[in-house]
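Each structure below appears as structure tokens.
Across the two complexes that follow, chain A remains constant while its partner is chain B and subsequently chain C.
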Partner chain A sequence: MSDLRLEHLGKSFGEFRAVDDVSLSVAEGELLVLLGPSGCGKTTTLRMIAGFIEATTGRILLGGRDVTYLPPYRRNTGLVFQGYALFPHLSVFENVAFGLEMRRLDRTTIKAKVADALRLVRLEALGQRMPRQLSGGQQQRVALARALVIAPDILLLDEPLSNLDAKLRQEVRVEIRELQKKLGLTAVMVTHDQEEALSMADRLVVMNEGRVQQIGTQRELYNHPQNRFVANFIGRTNFFEGAVTAPGRFRSAGGLDIAFAAGAAERRLLAVRPEKIRLGREASPNCFPGVVERVTYLGSQTEYQVRLASGEAVAIHAQNAQNGADEPLAPGLPVHVAWDAESCQLLD
Partner chain B sequence: MRQTRRRPLTSLRLGGAALRAVTAVTYAVMLLPIVFVCWLSFFKNELLAFPPEGYTLRWFSQIWAQSQFAEGFATSLEVGIVAMLGGLVLGVPASLALARHAFRGKEATATLLTAPLIVPSIVIGTALYIFFIEVEIVTGWPLTGSIVGLALAHILITIPWTVRLITASLLGLDPALEEAAMNLGADRWRTLLRVTLPVIRPAVVAAALFSFVVSFGNLEISLFLVAPGTTTLPIAILQYLEWKIDPTIAAVSLVQIAIIAAGMLLTNRFVKLSQVV
Partner chain C sequence: MASVVLVLVLPLVLLFRYSFNHFEPGQFMVEAATPENYVKFFADPYYRKVMLVTVGVAAISTLLCLVLGYPAAYLLARSKWRHKSLLVMLVVMPLFVGNAVRAAGWIVVFGHEGFLNAALLWLGLIRDPLDIMYTPLAVIIGITGFNLPFMVLTLQSVIEGIDEALEEAALGMGAGPLRTFRRVTLPLSLPGIIAGTILCFILAMNAYATPVLLGGPRFQMMAPIVYDQISNQANWPLGSALAFILMAATLILTGAANALLRRRLRA
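Moving on, here comes the complex of A and B:
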């Protein structure tokens, strides 16, 4: 396993910049997730690392070796494809053995290594099956074994869970993560699924329109998003446009005078997470009157949309009582909402 | 309510009946000659007449007594196999280029490769005849009356089928399979040999069989290009007909139909022909 570094990596298709000046690094044994909406450049970035797309600018360093212009078959990356891409004419064993045969290992070594790899993904009994005879989850594990058996410098995962049903996805997620940790694999995973990204990553890279928006751990991204896109993409949030009027005071477009704890004076956007807002009158500096507009029951939580007197609307997530006995507030009811100065995030 | 509902149903039923009738007539028109040829080949009387005096298998044994049929069969077989192999050697790379790469003049190339389907065979035959003569004048190679010239011509008419069948199959092939092979360390050549070709093998087999069938049944082009003294099976049949009409010809035709039908049925097992023809 090796570390990976992307330096000012870019890819243009004609005028269109699919990937624009992406720099990041993945430490040995780290799982980095590229997260973003479709078309954000995450898949193009992954395919550049694998070598299927040639970079227009920048460098790719794998274990310190510049692989930017190497063909895919000289890079030693292990890629798990979205649709698995198992060879339909080869058995499970032959699929896993393929990469070893390309490396011209002898028969006995290949047999032993394939057996090990299949045991790793708990498929040792199915070596003679053909791919079409396997379930989606099993095919996925064959794909994983095939990518791992060649001892790649880096494991690349392209939306590996998107073809599985919701329940299986949960299981495989845990399985891949545990395997990655156990073997100390350096890995890059691409996904558009926020929950998947949050649950598996050591660190995340949020991308949009070909550019890196922010790199950080789950906590960093959630609690300290750098811009509107990240704040909106990782979890939900309420935005107030406006400007800083005095140290620690932000005046919203609707005229709310909001106290905040930290943030640069030139920022023009303030965000508050829905679960940080409380219902009820209190002595907090940020306590504003409003009217309940909409109530949505979400199981563990209830979401209220409250129209403030300033004209701005906020979403509030209130935890439901353990015994399920609480009565939700009815639409039309006048209420107060409040949040702490520490809950405010100032963004670009 | 009920009335308004019934009317479209009746017209639907009528439409269905009409469709079935038209289909039946179409099939009858197409199949009747074949049915008659098969029937005739068992007639006892030498001069074709209805109703037959009786039935016999004599005409089938007659085939082998007539040396031109045996020779024609051998030539057709030989040319068919060469055309099949030649069609693959040229058609597979052409299909790979068309299906996998974007290049200038791609559309034009695709049209050119399927052009022998559009140009009437008799025109192709004439054109090749003249072309071969020109080549012969310039180079001295005796193409016109040679088996090589004939095989080249037959390769030409198999190419559209090879290209169509294999291109269709390649376009249906998940490009991730080839990427997976390269990711695992296979260069382009080994990817082609170990993954691409094995996966599209049904289409390659179908193309081979269909090429053989197209070549084996061809009359118009061969007519211009056979050497004096050599003959293909369709030409032998035609020549025989010029002198004589007896059930031998029907028997030969039945054998030819059987071979072609077997080829088609075999092909259909690998690739559904209705999808590409």
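Moving on, here comes the complex of A and C:
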């Protein structure tokens, strides 16, 4: 296992910059998730690490070794593809043995290593099956075994769960994460699924339009997003356009005078998470009148959309009572909403 | 359905029946149930040689089609060019022209005063014009050229169906381009190789216009002599028998090659 460093990595297709000046590092044994909408450059970045796309600018260092211009077959990476890419003409055993044969190991060693890898993913009994005879989850595990058996310097996962149904996805998610931790694998995973990213990553990289928007842990991204894109992409949030008028005071476009705890004076955007907003009149500095516009029951929570007197709308997530007996507020009802100065995030 | 069967099967049934009739010069065809026409084929070294030449030409041209067609088909299948359909059109284009016309084109190229000789002489590569016309080489080139589009199109459609991620997976596991081809792409193109080979081989075995026009009067292949027996010699029984022998040989050889290829590439 090795650490990975990307230095000012870029890829242009003609005029189009698919990946623009991406710098990041993945520590040994860390799982880093590249997260972003489709077309954000996350897959191109992963494919550059794997060697299928040549970088236009920058460097890729794997375990301190510059691999930027090495072909994929000289990089020692373990790849798990979106559709698994199992060889349909080879048995499970032969699929897993493939990388070892390319390394010209002897028959006995190959047998032992393949058996170990299959045991690791609990498929030791299915070595003689053909891929088409396996379920989606099993195929996914074969793909994982095949990537791990060659003892790669880094494990690269390209949307590994997107072909599985929702229930299986949960299971496999946990399984991949546990295996990665147990074996101390350095890994980079690409996904557009926020929940998948949050549940598996040590750290996340949020990308948009080819650029890194923010790198951090789940908590950092959720509680301290650096810009509108990150705040909007990780979880939901309410935005107020406006400007800082005095230290700790933000005036929204609709005329709300909002108190905030921390943030730079030149910021033009204030965000408040829906679950940080309370319904009811209180003595908080941020307490504003409004009217309930829409009520959506979400099971554990109820989402209210409230139109404030300023004309701005906010979404509020209220926890439902444990006994499920509480009556939701009806649309059209005048209410007050309130939140703490500490709940405000100032963004670019 | 019945009419399809009628159109496809009836001529064969008639031909099969005729092949056991007796040929009496001057009397056209005498009803009989004699194997003499088949015996004649196996007893006469002339016919055996024609069959051997036919099989040889068909085998060589099919192999050439495969060797030349595979890289073209691969590039075509993997091309991400916006105007890829133009390339496909280019491959299909020759099929719009009948093979007699195309053979005429080859005559222009191969002739003593033809384009090829003129070009080679001009380049100073040869001092005397080459005699390509009316040689087996001309026939092989002509048949290969005629069959190549079928091979390319068959292979292309199969290669397009091979997920590129499979090749990438192999590369990622440390297989170089050659080994990736040998272990992944080639075995997965096998259905296309088999289909294309069979198609080209059958077409070559039964080639008529190309051997007649490019091979000249002294070069003999099976289809032309079948025609010669039936049309010129009026010997329908022998012509029918030769036709059936040609069909049987084609079937047996295709079957054998099919089995051999499958075994070879599976290993």
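Note that the second predicted complex is superposed on the first by the 348 of 348 C-alpha atoms of A that agree within 3 Å, B and C clash if a C-alpha of one lies under 4 Å from a C-alpha of the other, contacts with A are read in each partner's own complex, and residues count from 1 in each chain.
FYI, a contact is a pair of C-beta atoms (placed from the backbone, for glycine too) under 8 Å apart; a residue touches a chain by one contact, two chains touch by 3 or more.
Because the structure is predicted, anything quoted here is derived from the model rather than measured.
**Q** Would chain B and chain C fit next to each other on chain A once aligned, or clash?
**A** Clash.
**Q** On the A-aligned overlay, A:N238 touches which partner chain: chain B = first, chain C = second, or both, or neither?
**A** A:N238 sits against neither chain B nor chain C.
**Q** Kindly classify A:T302 by the partners it touches after superposition: chain B alone (first), chain C alone (second), both, or neither?
**A** A:T302 contacts neither chain B nor chain C.
**Q** Between chain B and chain C, whom does A:P71 touch in the aligned arrangement: first, second, both, or neither?
**A** both
**Q** Once the two structures are superposed, pull the chain A residues common to the chain B and chain C interfaces.
**A** 50-52, 71-73, 76-79, 81-83, 85-89, 98-99, 102-103, 146, 150
**Q** Can you list the residues on chain B that touch chain A in the complex?
**A** Within the complex, chain B contacts chain A at residues 174, 176-177, 179-187, 190, 194-195, 198-199, 201.
**Q** What residues of chain A sit close enough to touch chain C in their complex?
**A** Interface residues on chain A, with respect to chain C: 50-52, 71-79, 81-83, 85-89, 98-99, 102-103, 146, 150.
**Q** Flag every residue of chain C that touches chain A in the complex, lowest number first.
**A** Result: residues 163, 165-166, 168-176, 179-180, 183-184, 187-188 of chain C touch chain A.
**Q** Hey, which residues of chain A end up touching chain B in the complex?
**A** So the residues of chain A touching chain B come out as 50-52, 71-73, 76-79, 81-83, 85-89, 98-99, 102-103, 146-147, 150.
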